[in-house]
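Each of the next two complexes has chain A plus one more chain, namely chain B in the first and chain C in the second.
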Partner chain A sequence: MNDVIIVGAGPAGLSAGITCAKKGLGVLIIDEYMKPGGRLLGQLYEEPNGSWWNGIQESTSLYEHAVDLGIQFQLNTPVNNIEKLDQSWVIYTDKHTFNTDHLLLATGAAESPVPVPGWTLPGVMSVGAAQVMTNVHRVKPGERGVIIGVNVLSAAIAMELQLAGIDVACLTLPKLNKITKNAAQPKDVLESLLHVSHMAPSPLIRFGSKLMKNDFMKKMGVTFYPKEGVKMWDIPIQLRKAVINIYGDGEVEGITSATIDANGEVVSGSEENIACDFVCIAGGLYPLTELAAVAGCPFYLIDELGGYVPLHNERMETTLDGLYVAGNITGIEGAKVAIAQGVTAGLSIAENAGISGLDVDIQHSIQSIELTRDKAYIQFHPEVKKGKRILKEQWKEYERSVKKLVH
Partner chain B sequence: MSRRILEHPVLGNLQDNKYISFTFNNKNYEGLESESIAAALLANGIRTLRYHEESGSPRGIYCNIGHCFECRVTVNGTQGVRACLTPLQAGMVIESGGKLPTPVRDWSAENE
Partner chain C sequence: MTEEEMIVCRCEEVSYEELLQTATKYNCSPRELKLRTRAGMGYCGGRTCRGMVDTVASTIKAQERTQISLKYQPPIRPITFGDLGRQDK
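This part shows the complex of A and B:
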């Protein structure tokens, strides 16, 4: 029996494990990937002070710290199921079954797919897949790629691909359909891009973003947006064109794009082919919550947090005794926020495991999450704080209803 | 042309001298020990990992981190192994799954 079991060896899971181990708890971290670090592994970007945030280095140092503290790891180990039996959590994996009183789910996020005709061809992959191939495995996803989906993540990864010597032909949009919805609307995409504009060396985007703070200007911006796009890190970003097909005999050979008007409709006769040997689909991230669902957590759909999130409080406790969450399972944010959330989860677990005198530390750690969020360089969702407020209201509502039941 | 990124301006340079042998669909290849099967195959220029069980259309990696199950292959006789999550080991025998028979549908198409 382990004092604490953590599912997910990403930034949240590692920092929670370190926090628990420092308080003297025995920790086991389980992850299905072969390396610790989770999505942090692939990250690579330049910070405002000119230094690089190197996800591999950050992962290694967290992992080494964890190992030094005696934390046990089970990598390459998918968790199939969890359930509560006789007051303790049972964790089922391919290899073993584990028990614990305190279970933290730090399962992170998954990428939303965007169906485009031809997207099952080998060579089409999620933008995160290309990131992991390039930065973690150091294998080129291809020589020349097209990225479908313009958002914070895809813009950052486009730059990372370039850094590794891979040609990115363009960033472009999927054709509007029932599923792609906002991701195919130039106006909405432009709005989301405003939140990475401070990273863009292109003065047009930087300057343009200041002009386009209101809806009317955004519409004008799309209308007058050059058909050939503007460039960010020298990569054309096409908002007036959409990919209508991915073609190739057995694997990707190119994409067909067409001009779309400000409402996202295809202008017929405007089709053109762009040759490439890989295509990345960037549909954004959503919290990976299956284990919280099988455990029986109540969920709320909060778009500002990226999708359905299990109900939890500021101390990262769910409504289920001994079940905690941290990291992107609680909403899509950067790795630094995940690390801060891991600390809070670790302290809550330690307190619930019987270690006293942690109240002030827990309050400080909750403030530290807020500070980290405020300072975040990359904001995946502009309204994340609103999402957190909604969640807080839901938790209060839950507490009120529990009190009613008790009385 | 090498598909491996041996030099990188921020992540530094890599040595790729620990090659081991494995087979994929009865052909010999070399890869780096403990890299993912998917990475080893892509480094060898192989994108098609399997053929869809029903349609027979070729499939490769999609998410590359274990969520989508598009990359499943047979490894040393075990079916349904995710190539993106499985570390390569010397002597591995890796095979693509293929199209499965659809006798009921075929019969229906001919007789109804």
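This part shows the complex of A and C:
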């Protein structure tokens, strides 16, 4: 029996483990991937102050710290089920079953695909897969790629691919259909891009964010948006073109792209082929909550947080005794927020495990999450704070309904 | 390839057209859409197409807020029969 078991060795899980171990608890961290670090491993970008955020270095230093503190790791080990038996949590993996009173789920996020005709061809991958191949395994996904889906993540990864000497032909939209919806609407995409304009050295986008404050201006912006796109790090970002097909004989050879109007409809006769040897699909991220769901946590769908999130309080406790959450399972945000949430989860666990005098630390750590969120360089959803408010209301709502049942 | 023929569920090879037509014909909830077409019931356990099946069904009726529309069932990762049936000592 371990004092604490953590599923997920990403930034949230590692920082929670370190926090628990510092308080003297015995910690086991389980992860299905072969390396610790989670999605932090692939991250590489320049911060506004000119320093570089290197995910591999950050992961290594968290991992080494954890090992120094005596934390045990089970890598290459997928958790396929959890359940509560006789007051304690049972964690099922392929070969072994583990038990603990305090279980933290720090399983992070997963990518949503957008379907495009031809997307089942070899050479088509999620944008996150291209990031892992390039930055973690140092393997080029191809020589020349097209990225379908324009959002914060795909823009950041396009830049990373370019740093690795890979030619990114363009970032462009998927064709509008009943599944792609907003992700294929130039106006919606432009709006979401304006929120990340600080990442774009292009004066046009920066200029745009000041100008296009109302809907009319946005529409104008889209109508007059240059057909060949605006360049960000020298990569054309095309909001007036959509990919209608990915072609190739047994593997990707190129894409067919067409001009679209301000509402996302294809202008017929405008089709052209662009040669490439790989295609990335970027449909955004959602919290990976499978284990919280099989455990029986209540959920709420909050678009600002990326999808369904398990109800939890500021101390990272779920409604189920001894079950905690931290990191992107609570909503899509950057790695620094995940690290801060891990600290809070670790302190809550320590307190519930009988270590006293942590109240002030816990309050500070909660404030520190807020501060980190305010300063975040990458924001996946502009309204993330609204999402957190909705969650708080739902938690209160849940508490009220439980009290009613008891009385 | 046309948009209609486009595959949404790779494991069970369910097309965009089949999903749309089924959803409209039977006014499907996400779960009914999954059961009628088998989209999301293949080897990967719906890890790839779950969100898309949800989205197609949401054109009929808005997604439930308080409940995950397509239920997760253990085991949530592929596991061999041997490992599943093994007794831990």
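Definition applied: the second predicted complex is superposed on the first by the 407 of 407 C-alpha atoms of A that agree within 3 Å, B and C clash if a C-alpha of one lies under 4 Å from a C-alpha of the other, contacts with A are read in each partner's own complex, and residues count from 1 in each chain.
In the analysis below, a contact is a pair of C-beta atoms (placed from the backbone, for glycine too) under 8 Å apart; a residue touches a chain by one contact, two chains touch by 3 or more.
Fair warning: this is a prediction, and the values are worked out from it, not measured in the lab.
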Practice task
Considering only touches as defined above, state whether A:291 meets chain B (first), chain C (second), both or neither.
Solution key: second
Practice task
Check whether A:124 is in contact with chain B, with chain C, with both or with neither, and answer first, second, both or neither.
Solution key: first
Exercise for the section: Using the superposition on chain A described above, determine whether A:32 touches chain B (first), chain C (second), both, or neither. Expected result: both
Practice task
With the two complexes superposed on chain A, say which partner A:97 touches: chain B (first), chain C (second), both, or neither.
Solution key: second
Exercise for the section: Using the touch definition from the top, say if A:164 reaches chain B (first), chain C (second), both or neither. Expected result: first
Practice task
Check the residue A:132 against both partner chains and state whether it touches chain B (first), chain C (second), both, or neither.
Solution key: first
Practice task
Look at A:308 in the shared chain and tell me whether it touches chain B only, chain C only, both, or neither; answer first, second, both or neither.
Solution key: second
Exercise for the section: Could you tell me if A:52 is touching chain B, chain C, both of them or neither one (first, second, both, neither)? Expected result: first
Problem - First, second, both or neither for A:78, with chain B first and chain C second - result: both
Exercise for the section: Indicate the residue numbers of chain A shared between its chain B interface and its chain C interface, in ascending order. Expected result: 32, 78, 110, 113, 120
Problem - Partner chain B, residues of chain A touching it in the complex - result: 32-34, 39, 44, 52, 54, 56, 76, 78, 110-111, 113, 120-126, 128-130, 132-135, 137-141, 143, 163-165, 250-251, 288
Problem - Parts of chain C lying in touch with chain A, wherever the complex brings them together - result: 1-3, 5-8, 10, 16, 20, 47-49, 51-52, 55-56, 59, 63-68, 71-77, 79-80, 83, 88
Practice task
Show which residues of chain B lie in contact with chain A when the two form their complex.
Solution key: 1, 3-6, 8-11, 14, 34-36, 39, 42-43, 47-49, 52, 57-68, 84-87
Completion exercise
Per the touch rule, the chain A residues reaching chain C in their complex are 32, 78-81, 92, 94-97, 110, 112-113, 115-120, 175, 177-179, 181, 244-245, 283, 286, 289-291, 293-294, 298-301, 307-308
